[in-house]
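For reference, chains read A, B and C in written order, and residue numbers begin at 1 within each chain.
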Amino acid sequence: MSFLKIRDLSVILRGTNHRLLRGVSLDVGATEVMGLVGESGAGKSMIGKAVLGILPRSAKIVGGSIELDGVDLLKLPPRQRRHLIGQKAALIPQDPLTALNPARRIGPQIGDRLVDILGWEKARARARTEEILHDVHIPQPDRVLRAYPHELSGGMRQRVLIASAFAAEPRLIVADEPTTALDVTVQKQILKLIFEMQARHGTALLFVTHDLGVVSKICQRLTVLYGGLVMEEAEVGAFFEAPQHPYSRALLAATPRHTDPTADLTPVPEAVIALAQRAVADADLRWHS
Amino acid sequence: MLDGRSLVKRTAGLRLWLSAGWLTALVIGAVFAPWIAPQDPLMQDLFTSRLPPFWMDGAEPGYWLGTDSLGRDVLSRILYGGRVALIVALIAGTATALIGATLGLIAGYYRGWTDMVISRLVDIWMAFPPVLFAILLIAVMGTGLTSVVVAIIVIDWTRFARVVRAEAMAQGAMDYVASAQVAGRGRMSTLLTEILPNVLSTIIVLLTLEMGIAVIVEAILSFVNLSVSTDDPTWGGMIAEGRLSIHQAWWVLVFPLVALFLTVLSFSQLGEGLKDRFDPVLN
Amino acid sequence: MFLRRLLTRIATTLVTLLGVAVIVFAVIRIVPGDPVAMMLPPGATEADIARLNAFYGLDKSIPEQFFIWLGGVVQGDFGTSITTRQPVLGLVLSRLPATLELSIMALVIAVALGGLVALTGTRLRYTRTEGALDVANGMALSVPDFLWGLVLILLFGVLWPVFTISGRVSPQLVPEFATSFFLFESVVRLRFDLWLDLVQHMLMPALALAIPLAAIIGQLLKQSLKETMHLDYVTLARTKGYSENHVILREALRNAVLPTLTLIGVQFTFLIGGTVIIERLFSYEGLGNMAIDAVINRDLPLIQGIVLLFALLFTLVNLAVDLLYAVLNPRLRHA
């Protein structure tokens, strides 16, 4: 039984009929890690934002459904939708430098949701905040609680954001390229931390990345996106043995092998791109008619 | 789709036209006042005192907007008062722009000690309450058109100096200025041919706004009876009289107030409109 | 670090004040015209003039006069008012509370009104309401306090006379006050009858002063709020389940306020400057009204004192805002 169930989701650029998402369907099981891959601009972030109700004003949902725990979010009035998302889902953002409010202390930024949205007692929320900071291996949690974001390093802040995401025990977490903005030296630790936390809490995870190497190690299933269109959706094991779609194969070929970082990248062949674009055009044709 | 931005934009043209229209009408009215004005603005006649405007009971023909407590025709006085307002706007505005912009250009382009002195002066000037400063100057110099103009220049040159200095500084840092100098051009010549044309649009916008400010300062000065002279009709003077008889003859206050309001608003809308025109980023 | 900033700031403030003193002195002494002749009522004799010259030290050289005068000012001796023959300092200080209370009331109104406009505009951004609010705000911005005062007199003094448009307080109530801080005193002593009478008098002039500043605050704060609403931490707060109102108030507002704050400093000094004419317009017995009377009566020592006091007030406000900015900005405070 999937916790997140997206069906035929279409998003357009407001004021045009250009589609940014072209009928995307996607499932994430209750404790599953789903990798969402594709080149930049494929619409990975759009999917995550649509799920969390934070699409930019320039984007507009024009069709489909997003079911969270069996409730279609798109049928709820905005206030209730936001409340439900706040209770059941959380985001680990891309850039830890801009995702914390510079004017507020760390503690309340983690604990506020527990009190305001989940209705916890203040003391319990505070204890939980300290505990979760401990869980993400932050030394001296009581000091960090009282700190302002600018007093912490980038890696520290990303730990804080991970703590904040897991603090409310959400059933689904969307992580949008959570390490691309970090130093290469801390990327691995942060990735490890995310999956350690995911495993411990049994949270469903929608993991947005363009790194197939990471997907192969951590995800159970993956979805390949091109031009807002799902190219392939597969079990990770099966996928890396034999990707079905030519575009997936090309993407896999283009991924640098960790064994030999000096090896040349194979660019995605033009014929494959043409094929993918053909699929996009077909989808649009069907949609417009 | 109609959103907030477009409402502001859509009415921008309209507001610009209305402003230009009012100012044109005002200029015509002021220039041709001797021919247009139905009455002598100074003629007192106690038999026609406090006549109401034309649509009310008791109005007399020829006194369209009524008369004040001395029987002087309000419309005629507004037309003649417009002369004073526009003359002050033109002379004081231009003179302030010239002086302030020159100092700003020099400070922003030559930098160094000139800039330090001018900037320090601007700081000191910012510590003066402008209206009080103007009143003080008039008190010392005596009333009259020259005093009013000098007072406006003295209290407002900093407005130009500050903005033009910053612009000249920004322009001075641009590549084309450096290349002009590499080409062997003198400092002064670069300032006049490269920097000035680029800050001119800013100066024009400020000048338009300054004219509105000059009108209001003149009105304030004449309100406290310290303007061109105590005899000539001025809007501020009319407002001061109207304020006293507000319960008996509201029209003596309302009509010059409307004229002043529209004029000040028009200058400022015109200035803002020009700013949008000149600044392609905003469009 | 913070201390050094503070000291530099105080030093520049002192330089500015010295410059102000020089200019005030120069305007009165160097401008053509015999200051004593201007001070005297018509029909004064030669002997009167000589006596007055000696009394004001006008027989000495200009620089000498300046330093004598400045020395007095530093010690609190601002000279003697010509019309009332009382020390200028005492006169000026007796009126200062009235002007301060009016200015502060206007500032509070401006912040409340401007904040409301900015928050409403942000909440309803990209709608027609926002557009209408922008247009109205633009108009409020371009019309100065003097005109707003007249409009308010017409609206609420004549058309719908609910407010008193003249004076600071009903004359029969003046003996009730022990200090000159009427408004403050009425609150502290819980005398709400007095408070009501004061507010009834002060609201219109305060509103006239407040409207242009409110428009500026509304415009700037909204712009900065709207920019803040696009930032990542605001988006993150939305995913936490918070409503748009909550996001604006708790996540965006504090960060958006800082740029507006420095602006309020300069603008508040403009507002204080505006009290001069607004007090005149509403016959409010404050410093500004006194200044205009002094000018009309050619009471130069009094004018000097008032201008200096205003200048001092302006520079202090700017200093205070600078410091407040440093205190409120956590990054500056810890850096």
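By definition in this document, a residue touches a chain if its C-beta (ideal position, glycine included) is under 8 Å from a C-beta of that chain, and two chains touch if they have at least 3 such contacts.
Chains and their UniProt names: A = ABC transporter ATP-binding protein; B, C = ABC transporter permease.
Worth saying up front: this structure is predicted, and the values here are computed from it rather than measured.
Chemist: If I average the Cα coordinates per chain and compare with the overall Cα mean, which chain comes out closest?
Modeler: C
Chemist: Which chain maximises the distance between its CA centroid and that of subunit A?
Modeler: B
Chemist: Write down the pair of chains with the top C-beta contact pair count.
Modeler: The chain pair sharing the largest number of C-beta contacts is B-C.
Chemist: Once you find the CA centre of subunit A and the CA centre of subunit C, what distance in Å lies between them?
Modeler: So the centroids are 53 Å from each other.
Chemist: If you average the CA atoms of subunit A and of subunit B, how far apart do the two points sit, in angstrom?
Modeler: 58
Chemist: Quick one: subunit B and subunit C, Cα centre-to-centre, how many Å?
Modeler: The separation of the two C-alpha centroids amounts to 23 Å.
Chemist: Check each residue of subunit C and list the ones that touch at least two other chains.
Modeler: Residues 126 of subunit C each touch two or more of the other chains.
Chemist: Can you list the residues on subunit A that touch subunit C in the complex?
Modeler: 52-54, 57, 79, 82-87, 89-91, 93, 95, 98-104, 112-113, 116-117, 148, 150-151, 161
Chemist: Along subunit B, where are the residues that touch subunit C in the complex?
Modeler: That would be residues 2-8, 11, 120-121, 123-124, 126-133, 135-142, 212-213, 216, 219-220, 223-226, 239, 243, 246-247, 250, 253-254, 257, 260-261, 264-265, 268-269, 272 of subunit B.
Chemist: Going by the contact rule at the top, pick out the subunit C residues touching subunit B in the complex.
Modeler: So the residues of subunit C in touch with subunit B come to 12, 15-17, 19-20, 23, 27-28, 31-33, 38, 124-132, 134-135, 138-139, 141-144, 146-147, 150-151, 153-154, 157-158, 266, 269-270, 272-274, 276-277, 280-281, 288, 291-292, 295-296, 298, 303, 306-307, 310-311, 314-315, 318.
Chemist: Touching residues of subunit C toward subunit A in the complex: what are they?
Modeler: 126, 231-233, 235-243, 246, 251, 254-255, 330-331, 334
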